[in-house]
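The structure's right below; bear with me while I get my questions together.
The chains carry the letters A, B and C, assigned in the order they are written, with residues numbered from 1 in each.
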Amino acid sequence: MNGEGLTVRDLRVTFDGFTAVDGVDLDIHPGDLRFLIGPNGAGKTTLVDAVTGLVKATGSARFAGQELLGRPVQKIARTGIGRTFQTATVFEELTVLQNLDIAAGAGRGVWTMLRRRKDVPEPVEKALETIGLSALRDRPAGVLAHGQKQWLEIGMLLVQDVRLLLLDEPVAGMSHDERQATGELLQRISEERTVVVIEHDMDFMRSFARSVSVLHSGRMLSEGTVAEVQADARVQEVYLGRATEPAPSAPVASTQEA
Amino acid sequence: MTVILNQSFTGISIGAVLLLIALGLTLTFGQMGVINMAHGEFIMAGAYTTYVLQQSISGAGVSLLVALPLAFLVAGSLGALLEWLLIRRLYTRPLDTLLVTWGVSLMLQQLARDIFGAPNVQTRAPDLLTGNISVGGITLANSRLFILGLALLCVLGLTLVLRLTPLGRRIRAVVQNRDLAEVSGIASEQVDRTTFFIGSGLAGVAGVALTLVGPIGPTTGTNYIVDAFLVVVVGGIGQLKGSVITAFVLGVLQAVLEYSTTISVAKVVVLVAIVAFLQWRPQGLYTLRTRSLA
Amino acid sequence: MTTTVTPTAPAPAQPSAPSVLTRLRVPGGFLLGAVLLLGVAPLVLPDFRLSLLAKYLCYAIVAVGVSLAWGRGGLMVLGQGVFFGLGGYAMAMHLKLADAAATGQTLPDFMQLYGTSDTLPWWWKPFGNPLFAIAMTVLLPMAVAAVLGFFVFRRRVKGAYFAILSQALAAALAIWLVGQQATTGGTNGLTDIQGFFGYDLNDPVNQRTVYVIIAAALLLVMALARQLFVSRFGELLVAVRDSEERVRFLGYNPANVKLVAYVVAAGMAGLAGALFVPAVGIISPALIGIVPSIGFVIGAAVGGRASLVGAVLGAIAVAWAQSTLSDAFPAAWTYLQGLLFVLAVGFLPGGLASLATVVRNRRTRPTGSGETA
């Protein structure tokens, strides 16, 4: 099992005349641990929404040799792309085990579906250990702590056996230790799969990113390693609100901001 | 040709009644997301208000004019009371609100039966509204023209209130982002109650109009309620113009179909048309687009 | 057949039933129910009471479907009257034709009364065949639900919109039936049914047989629903109810999941309608419009929408209260019914079954062991 790369070309998303993503190109190589950063409203979540089929977009997004745009959400998911949401979305009334079992089962046949779940599928067992929730497997997911829900979401992507994970602020609201643990978990996962993380936390990004893309006002501002991106004057301008000198080349489409 | 014109006018007047009934729902259902099945009983309350007034005020014209604001107050107060007693506890469970308010609707109908008796009662229309006007070979019933005028007046009034007054701004603010509105110092609970008051009050006005259409009874409102909800569903949430267009389109469609087939077939065809329409635009004619997942 | 285990603290490596799915005790409870319905009730109840119970059990069969679609699937099925009616009319059409044939007529009595022609309408003809009619009582409702559900769920019309559309469907069918008096009996419906596949329905012994058939059907339907509840499908259905969008991102099409629940619930309502006809002797538009359609969910709401046993007992209790009160005190019944909606749905959304669960959890939690029924 190996990660699969994602190739995005000239991606555009428009909401009622407001262009949220404005011609983004993005190459994510297999096995990357890519961080997607940028100020609020930069279009990070919208980009992920477009790739996963939640919003309509033009341009191209190719994964595993297939064009994603224009396909329904569940078809895109079945090509091996999974995502999480800013607010952890798990099935609160179902137990941890049931959550994982459902995530593992998109390809099940009618007969399996109509029967009772007898044993725990092996990937589910493994994921339970990976995310450290083995002891809580029979708890309803609704009673989990915030961080545990976020781990459960990641676990669901693991048993879903996706080759590309798109995580939207996976460490938001976590304590320092939890962040550390999550970061290490992501690094382990990226050995076998491709991981893209949307994040605001710069320390977290510096500690764990293998590569970074910076979005600003719907455009790709800068790409590279952590060091390269941090050295980029345009990135500093966006984040610090000033540049060393007013860079005429800064492609800031601020008129688009509504 | 005259047939077509006549049927179109019939359709427009059906549409006007639908619009008047749906108008309150665009606030309570469209803006607040509450499915209030007792809306029909607020219509009934408005209709009975007219009936009761006629017992004490002999002039039909005067009593109608008094009935309009009074029915608005009566139905609006009932609505505000319902909101305070039950609905505010159920904002997180919109579908359950449907069943709870259905229960309230059953009780209000029975209350009407106990007070006014089960049989329908007839109110007198003012002389001015009983006649017809002939324009270019087609006959327009005065009462229908009055209802049309009343419906358009209410649309205009509601639009002005929502657009221009501080109250309207607060209503829209709460609809668009409740939390933000609250931290901006808007008492959202009060806004909810006021919105509900106005929406229910409009049902009362619709009830007054229905007394001009025919006899009224305990189930007067219920007979219209599902059609009125369909108008808001097809029109789109949170937009007045969608409901206005839909009410008239459905009215004309209904009238044309009734003329060419039967009432029962017309009902079925309209429903199929609505389901087909929702295939094309599941969110209705007009929608407020947002980025939220829900 | 295994007994369910009450979820408690972590119980590793134990494939235990989940918290929301443990409200039913099988097979003990199931056997008890079977003994009560098939053994005790026919022995102790007089003919009149037993035939009333038969009617309540028909409502209970509808409630089983409501529990599946609404309780587990979150689908506000306010148009179950449509499916109940389709099943009922399919059965009644056959029985009317059989009654007519028994007296040497080709047309049912009401058609001779209001009919405009001497020939049977074409769409009546196949219902002369008993097997076709029986199949249609379930297949017709399922087909209608499948078509409506397909179009509605595919475009993600949900929540309130779905509830309103299903109500509109109930209204449209009732109005259509009233309008076609010559072929459907209009407002009166199909009444005065005499025989049931060759047996005289006026004979109390045969009425008892009808009761037994209905009780057996209820048990069968409950067993089917129970299997769906505890299956992986049942877990997925709850997931769809709680977060449809999330399920989609896991690679499922939630529309299909909801469609199955909706269609199965429709088939159950159709079966109930079909059995209602021999039990009560009538099917009419008044039994299937908006008002009775909403009435079908109240039993499930009172007993507990997500609990199979709760929904069934709730439906029986509400139907019992209705027929006990509505004749003597019609006004009082209407107030009570309204109050039931307000109290049960507004203040006890889990229904009476949720009370039972609370009590049971309080009782079993300290021991921490699974209990058997």
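Heads up, the rule we're going with is that a contact is a pair of C-beta atoms (placed from the backbone, for glycine too) under 8 Å apart; a residue touches a chain by one contact, two chains touch by 3 or more.
This is a predicted model, so every value here is computed, not measured.
Peer 1: Let me check something: if the centre of a chain is the mean of its CA atoms, which chain is farthest from chain C?
Peer 2: It is A whose centre lies farthest from that of chain C.
Peer 1: Specify the chain with the shortest distance from its C-alpha centroid to the centroid of every protein C-alpha atom present.
Peer 2: Answer by centroid distance: C.
Peer 1: Nearest whole angstrom, what separates the Cα centre of chain B from the Cα centre of chain C?
Peer 2: 33
Peer 1: Just how far, in Å, is the C-alpha centre of chain B from the one of chain A?
Peer 2: Centre separation, chain A to chain B: 46 Å.
Peer 1: Got the chain C residues that touch at least 2 other chains?
Peer 2: Expected reply: 245.
Peer 1: Going by the contact rule already set, what residues in chain A reach two or more other chains?
Peer 2: Residues 54, 85.
Peer 1: Send over the residues of chain B in touch with two or more other chains.
Peer 2: Within chain B, the residues that touch at least two other chains are 293.
Peer 1: Spell out the part of chain B that touches chain C in their complex, as residue ranges.
Peer 2: 29, 33, 35, 86, 89-90, 93-96, 98-100, 102-107, 109-110, 113-114, 222, 226-227, 229-230, 233, 262-265, 267-268, 271, 274-276, 278-279, 282, 293
Peer 1: Which bits of chain C are touching chain B when the two form their complex?
Peer 2: Per the stated touch rule, the residues are 74, 76, 78, 148, 151-152, 154-157, 159-161, 163-165, 167-169, 171-173, 175-180, 245, 290, 294, 297-298, 301, 331, 334-335, 337-342, 345-346, 349.
Peer 1: Quick check: in the complex, which residue numbers of chain A touch chain C?
Peer 2: 52, 54, 72-74, 77-78, 82-83, 85, 89-95, 97-99, 101-103, 105-108, 112-120, 134-140, 156, 160
Peer 1: Help me check something: in the complex, which residues belonging to chain C touch chain A?
Peer 2: These residues of chain C touch chain A: 7, 10-16, 18-20, 227-228, 230-233, 235-236, 238-239, 242-243, 245-253.
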